[in-house]
């Protein structure tokens, strides 16, 4: 049974078609990595799923519910959380306040300020620091922690390891692993292919707004993915 | 990243003008010059109304330069209107011929801007807006303290009665038109010059602009003083056109409201928008002002309506649909045509 | 003695300015809207309170209590119908919208109520004219004390809520980045509507106090606006405690200026404001981020 | 080429009269009765005017000056240049009247105006005290400082006081004119003036002034403020225990609503009027008496009469007389010249130019009186005249009572 | 780039310290880069790398220490002046001029930072845009770019100022492998032209391909400095930064 069903989804920026009739589905408790070159439309796709960008066509179904026109904040209540590109923390709020804002209307679940800080111990000394004064990596971790506070069933992370030091990447993936093990579904954009292929069960390659490859991660070689990046392979139906 | 080919500059060229912009800017210039003939062929009413319209245009163009290109959202440009008008009064009281006084008063307003710049330009955003407004109010109060300038009562410009009515109208018209064309020319020059992009960069992110080597201080200062000059000229011309001023009205914040209206309704950050906005504002006033409160309600509804349904202003309609540009002020990178096909195969 | 009286009266006057500035500060802090219609909304509120007070022949405070729900609802409606859309157009669009709103309210009131001046002072009875006479030179008016107390309560209460409640955090978060707030489940437009409703409500309170303090007519709105803006800026944009301080600083500057010479009253307030902007210390005061 | 001349000149058989007054903005309450007055004038002119054997149609074009000088000048210029008016009328506050007059003077269009103290109109527009007739085209009728002086010195002795006058004269057109002229005149009559200094319109606190009045033991109080400032002041005065025996207000308190708004502390204020329904005069043009004028307005508009009715209608009386006084009413210079010699019956009295104070101005009376509570009438307050020194034809209704007595 | 670059220039910071309130972010750091040299900086999140760059570029003033460029003290000069003297900088969090096109963004750097006019500036911009892979997007408004293109624009703007010392903050994050290889090639080329490069990056395997020297920071101090491979195998560095993953 698939948790997320995307049918013929399109999204535009003005005249530019950033997402063109994409169709794919994500099963419950699956981990999907989305890869693709700069400007392929990954961010736009994720934002459309989370409701931060309007769909120009097609449908998005979440757990049997058509959410194509649902506003973003309601999708959060249904269990979709997005870690947006560029972190987008509330800059004047402290780290803890950032977490609490997200926790206020959260679905019930295991994540709260305490458990999130346990999962990302590097945040504990930063609790009372204003988000604007964090380093790039610290912001990235806070953004992921904040998304967890909503207790998502589907967590979408755009550029997971961007700006993270190697140890921080390990911590973050450990946290995501715990989430996966607790039964959540994950969609990640990750440019570190090795990571992506080892962590994700499925890989979705996006090229110029289209899904060109959608296969289980185990069946995939780096070469196949690289080819898909540059469009050398004819698109396969999922 | 693509590998660098040695002849990139040969492959690409920056275009600033096109046949379209060349024709339209020539036509605009011709139209501007032709307007000088109006007092010979048209009725007095037309001349006087065009003068009013040109003053509105000066105000709109200046406010747009400040806010739309420079990011300085001033709510206090009436300070210069007032200083321009009162400097004219002061100068005529000291035996300067009225029309010379108008020009000198504009310069005096620019000087006032020079004096105020160190205080105001340190402020940003809302603080700048409110700070500039308070400066205008302060000036109004100071002028009201000066009995020689009529105090709070207001004062008339008497020297112009020496001219026959039709001469006075024509002179005022010509000076207004000349100043308008001068300011438009300056703005176009600014936009074509590298200062144009630098100012817009400051508008978008002042720190980032500084980090790219832009001396933000002098540029902001220059623009601020230019706007002081323009608004000062508008104030002096308003006085020449209406003959009577009072501190509370010439320094009144409604002027800023009008400027915001004209610029935003026309299209902020474009050259053509404010001019269009000024024309619309003028026509509305001309046609409907007699309906009193109803007119003002309508004006308010139009302002809100534009903000809600056409936030980029009137000019965005033709500009978006027809890709219309009247002036050669942008930069466009184009691939040069007719490359030998051999080029492509080695990519 | 005169000076003490000046300071006391200035303090009380500052309460009125702070009250006026409160809604402005809130809208600016939360929605980054410079609301040019603020004064007119206050006058609209005053007209509503006046209508209720004279129709039902009740005290202005009761009239205010009855008018508040209506004005709060109006605030909600204002956000959903007008402001929400204008916010999408960048920072200047709301400026144009509120300018439009300002003249619509002003002239709408002119049509509905005629240009006659009105006041709530008469129906407020001794509240508007009574005072504690401490010495021959120093008397403390009931109204001033009530105004100041209301201002402290409202601004202080709102500030505490913004800082320490989940509700306030949501509001601040939405203020900083409404799109992202939606991504963590905060309905931005509802939060904005709440802020607008509160701002309109507080403006109504301010308008009512002004109406008891003095008279009002459809064109009275803009006159108090600049003082309110000054208070907001002196206090630091978006900080409500700061706004209270700003209002008081302004009020005291005006009364002290007037004691030197009446014509320096308003001028002293403006010069004080500009002086604060110019002084390095003052600037660090106002640029300090206070939320 | 040749420069275009002034608009539609001397053609057609329609005479156009422009009428500018503030209908919106802060001075809108002055313009409020104009709608009614205009309807009377239009009715009277409906049959046109026959002048020198020629019948002319008459058209009145009214415009809103928005209480703003720049707007006032612009509508005046449009009326002159686009509509080609033959005669301009303007009323109420210097913001509207002065720029309209200036525009007319500059364009050579005759203009008649009122309801600006004549000094503010004459000197405010640049005339010098030694000028006999500073303007060629613009004429004015209104009270001046001398009339206030006369009214006050006849009114105040009706209540015994220590003759100490506390004054609150703002730094605006009226305040400045009054300070310059009325102060010295009162001092000459033995009044002690306690003047804390000019204040700015829009001031929100008057504790400094009140403290001074209390310290000096002031018993007469005089002010020329805008209405909200007076309300603020008067409430603060009550709070701080300043209670003069005579509270003489001008500029505010012209209209009943302004006094009503003060509530309990409004009754008993002394004021002065340039017209009331008890004026025993009839409009020459419309043949409407003062009483009929007030009643008509109260019926039509459902509002209490206001002093503005008189002078506004008087403008049309003068206009008609001026047009009739020349052979060719399209000859602007002739019309202007004729105004300077007119003698017209209007609701505010008989206006005769040429008798001073200068060639452009007729000074009209202003009579002292008091706002009193009515018993059982439709309106809570009424203005009763207490002295008639500058126009003895107008009946006096009562003696001045001490404030709060 | 079209400018001739004099040999052996150096940007040096000595004894740099930076505090935010009680928090010591940089503690007595010595750092220097010579023209034609490429230095990589790594270190855990929050180590103070960006802060060091901020001090060198002039966006922040140090609490102690001096910064010199070619033996001239520039500790207190403004970012704009430093830029014109040849210090170019790409920010970790891109801040493009949203209302300008990509070309115009770059043009600001070319005409003010590098002081080029007219056709010279245009040619320079075209080269830089081509180098950074943005030439096809030259006429797009900068606010329509995705994150990675914004990062490239940061690089392009910094390059356009004609720097002799280029400070890069995580411009390679989020690049695909192929794109990263391109970037390495670009940086090598810059170095060959005599530009001194300081590059902060967490993708160590990419970074080491481009730099001759690697600096590792931790908690406001430099804990290792030297040959990249040596630094990476340093136990202290492994412990503080790389963790057991490497």
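Note that the chains are named A, B, C, D and E in the order they appear, and that numbering of residues resets to 1 at the start of each chain.
Just so we're on the same page, a residue touches a chain if its C-beta (ideal position, glycine included) is under 8 Å from a C-beta of that chain, and two chains touch if they have at least 3 such contacts.
From a predicted model like this one, the values you see are computed outputs, not experimental measurements.
Colleague: From chain B, how many touching-chain steps at minimum until you land on chain E?
Modeller: Steps on the shortest route: 1.
Colleague: Give the chains in contact with both chain A and chain B, ordered by label.
Modeller: Neighbours common to chain A and chain B are C, E.
Colleague: By mean C-alpha position, what chain is farthest away from chain A?
Modeller: In terms of C-alpha centroids, the chain at the greatest distance from chain A is D.
Colleague: Determine which of the two chain pairs, B-D or A-C, is joined by the larger number of C-beta pairs in contact.
Modeller: More contacting C-beta pairs are found at B-D.
Colleague: So which chain is the furthest away from chain C, centre to centre on CA atoms?
Modeller: Chain centre farthest from chain C's centre: E.
Colleague: Roughly how many whole angstrom separate the Cα centroids of chain A and chain D?
Modeller: Using C-alpha averages as centres, the distance is 74 Å.
Colleague: I'd like the Å distance between the centres of chain B and chain C, where a centre is the mean of that chain's Cα atoms.
Modeller: Using C-alpha averages as centres, the distance is 33 Å.
Colleague: Quick one: chain A and chain E, Cα centre-to-centre, how many Å?
Modeller: Spacing between the chain centres: roughly 29 Å.
Colleague: Quick check on chain C: which residues sit in contact with 2+ other chains?
Modeller: 107, 110, 263, 266-267
Colleague: Touching two or more other chains, which residues of chain E qualify?
Modeller: As it turns out, chain E has residues touching two or more other chains at 152, 179.
Colleague: Residues of chain D that contact two or more other chains, please.
Modeller: Expected reply: 24, 171, 200.
Colleague: Every touching chain pair, please?
Modeller: Result of the pairwise touch check is A-C, A-E, B-C, B-D, B-E, C-D.
Colleague: Along chain A, where are the residues that touch chain E in the complex?
Modeller: Where chain A meets chain E, its residues are 13-14, 16, 35, 37-39, 43, 85-86, 122, 133-138, 140-141, 159, 161-170, 191-193, 226, 229-230.
Colleague: In the complex formed with chain A, which residues of chain E make contact?
Modeller: Listed in rising order, the residues of chain E that touch chain A are 20, 42-47, 49-50, 92-93, 144, 146-149, 152, 169-170, 173-179, 202-204, 241-246.
Colleague: List the residues on chain D that touch chain B in their complex, please.
Modeller: For chain D paired with chain B, touching residues are 1-7, 23-24, 62-64, 66, 68-75, 77-78, 80-82, 94-95, 98-99, 102-103, 105-108, 120, 124-126, 170-173, 175-177, 200-201.
Colleague: Can you check the complex and tell me which residues of chain B touch chain E?
Modeller: 1-5, 8-9, 11-14, 194, 197-198, 200-201, 203-205, 207-216, 269, 330-333
Colleague: In the complex formed with chain C, which residues of chain A make contact?
Modeller: Within the complex, chain A touches chain C at residues 50-52, 71-74, 76-77, 81-82, 84, 88-93, 97-98, 100-102, 104-106, 146-147, 149-150.
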